[in-house]
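Should a chain be cited, it is by its letter among A, B, C and D, assigned in written order, with residues numbered from 1 in that chain.
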């Protein structure tokens, strides 16, 4: 399993996100408290929006806690929207093409969790990916196939519906193969201006997910935290586990729900409901 | 493109194969003379038979010429049958899962060449892989898919026919997608007691391939070469390009042909003829 | 800090040492119970004696728990004497030249612990290394400098005295620089036929060290453990922390002591006493 | 040997420097035309000034031509001053700590060439490094020791004199050890506002070095080159070998000379004269 953090808001030096907090993602790579594994040392990834049409990616197979290039980058790049992810492999090889976040044009995607019995269902799921997207799959993880299913099902036009349909398809495929609880997930995805975060599992016992409290409230609660004075009211952080032990700072995302962070504020939280794909996919029924 | 060497015969220290010869594979990784590229620095692989039921693999993404672990291994492991490969990527990522040789149980496989417009034909080819083998594919190269097609088509029972059918399938699939010359290849494969080597290309202008001259003849020609006194009469080396400039030492494998090296001698050379798979594969005709 | 294991005895497949035991070194790389850190993910090293005049080395900067080349090697190499080490860096870079065991001709050396305030004392210690050995130092760790000090002080002729003098020199140098407890160590070294293991710290509160109980006693205690039937009476394992929870299997090495394992049995345990170098070293007094 | 490029001038996307030109540094990593070796595949480094007090570093041991993180960085970072370097190791290990450019506070340093018989002279040279700087040396290259000698001899206050004295010291040390031509070098160094470039060798037959022609002249010669319209008159590129075959674009730096690029223009070229250090260094005469 893995740990991740998504940041959206005022332009920030990446090290203020990744290294400065008490229980930062880098610290979680060695000492996760809420994860399925305490060590997340099987690769690291960072994606950020800034210069250029598409977001930048930095993927490394070295453990994050000792990656010098990551530390350099973090100290010299500022961004208004970043995804970072530390990986604990559930079996697929430790290689850059298996590091999150994954990217397709303007979109980033990262996942904590698992498509269960992936070796069994992989072929059916990969067949359901749009043939024009198929050749873009570079690695061998369940998480990347999940991303390409969501893209196939319309992530770029209706992200929530696309993820609901992708999960519907994964659950249906898994159950046809006798998998009791086909998926466990927290997912973040972004197009560079909004961030969507999902918390769901077939067994309704999903991995932890938190979002930061409204910044204006936080400033009142914690006038001593300097960085809160610097960031805008619309700044949000979404995390697998809290980055600091600040009373009042973190809100648990409810079971089977999703949230949307807009640049201009007005966050939404809604129920997440897997559903069958509205368009038939290429999965050959008879195989 | 790539360079490779297959060794079969008397037990040999790997460094005598990889480092000692004048124009060794390690030298070819920096200065190939007959290859499509002079530098083969995108990963290295070594497979050898010895202790245990399955052959051992060592895959590295460092250029072979500076890989210290390879040098150590080579100086401390002896084997009667080894495959070694230096890679020049034609696009797919440099990662261990893309390094040759590939392995399935007792079988090793390595390839120099390309399945042309692989991004276009990959989905169809992967669909033709037996579903029970599908989940064993770990990397993203054309060469590994080629191996799994050959396994699907019976490599373990009739290797020559399986490779002929795999090439037939690849050519047919490529041509349906408008690819003029779908495949370029030299391939070596082994089950631990025999080695098969193939030279073929759709355009009948295949990459170079050589095998060593009969050892007893070589001993007479070159009594000064010490290692020739030590190895058995049945020892053979098959190579993308000659390892030494020894007059009389290397025989060119003819265009569109294959050879078989048996432990007990009696090498064969025959014509290689791609053919349609005798059993229908899973490729859905309508996609 | 780190974890290590030294094996001497009947020829053994390396995976029987590294992967098979319940709480193997590979498991300790993720979940050390007695170490200063639970995760030892900053590089791995294996040294073994076998073919060739010098021992073989395999050094990797990937975490041991996911290193595929290590798993391959372990399954295909047999050896009567092996050292293995998982590293948790105390600051120096994660690179192959900083991985233990270190090698000089026939000798291997590995260390768990630290030379305290190494940045302060390093120059003086490096100056004390024999100038003819100086250029052999490849990495930047305290452990490798310690090895070269021991070599300078006669490791190859009187190993115990050399280590005692090296520790005396390190303690003297540290104290001149105001370091209260200059060294913390468990060390193993071998010439290919004997293994020396040391446990010491300036504060007399040393890292844990254990050796296996006499094999004939163990066989009586645990007739159910198959591997005990296969190995010779003189087989010994020395470890940072026990590899299995076998009652009676592990003996704690006492504080401030050392042991010697001979091929033909007759182990010794003696007190370890740091002492001033008997020959002046090159350390310039005035710096 | 190596290839490098130093850029100073208008803020530029790094990929416009590293990937866009015809015969870019990335191309030179595979196909150097003027270098001692055609392949420079033993590590890559990039240093750039921008956000933060010190320049950023990115060091990689993968060959530059296939490094995906480098390609990402290059497409998403803009800078007014960058150093980039591809390495062909002359023996020291391929590891991040041996990649150029090296950094000390605001200063960057990179070197193409060699301190000859470095194993022989290394100890004396390292001893001459100021003890307070000694512990900052992280790698094992001649180039990094050369940098620390220059820092010891006043690089930060009088760079030209410091490099002249460092070279004087290296030549004197080499000759005391019987080395005929102790140094071969092109060097670039910067404090973030100026760039100094040196071309020298003891044998007066130095590696190639070029600087770009005055931008206003270039614009007249090549109105078709778009990027020339975008950069300021004071923009300069200094290179081991020309990046494009543009007639009139490149000026050869004369043998035994140096140049200084100022932010505000007014470049200087002067003779380079090695000289004895003005202050005694710590080298013990008697060793």
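In the analysis below, contacts are C-beta pairs under 8 Å (C-beta built on N, C-alpha and C of every residue); 3 or more make two chains touch, one makes a residue touch a chain.
Everything numeric here is computed off the predicted structure, so don't read it as measured data.
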Same or different contact residues where subunit D meets its copy subunit C, judged by the half mark: same
Contact-richer chain pair [A-D vs A-B]: A-D
Between subunit A and subunit B, centroid-to-centroid distance (C-alpha), Å: 40
Where subunit B touches two or more other chains, by residue: 68, 93, 96
Chain contact graph, described as a line, ring, star, complete graph or other shape: complete
Subunit C residues within the subunit D interface of the complex: 93, 95-97, 119-120, 122-123, 126-127, 131, 134-135, 138-140, 282, 284, 287
For the subunit D and subunit B complex, residues of the former touching the latter: 30, 38-39, 41-42, 61-63, 66, 68, 89, 93-94
Residue ranges of subunit C touching subunit B (in the complex, touch as defined): 13, 48, 50-52, 56-60, 68-69, 72-73, 75-78, 96
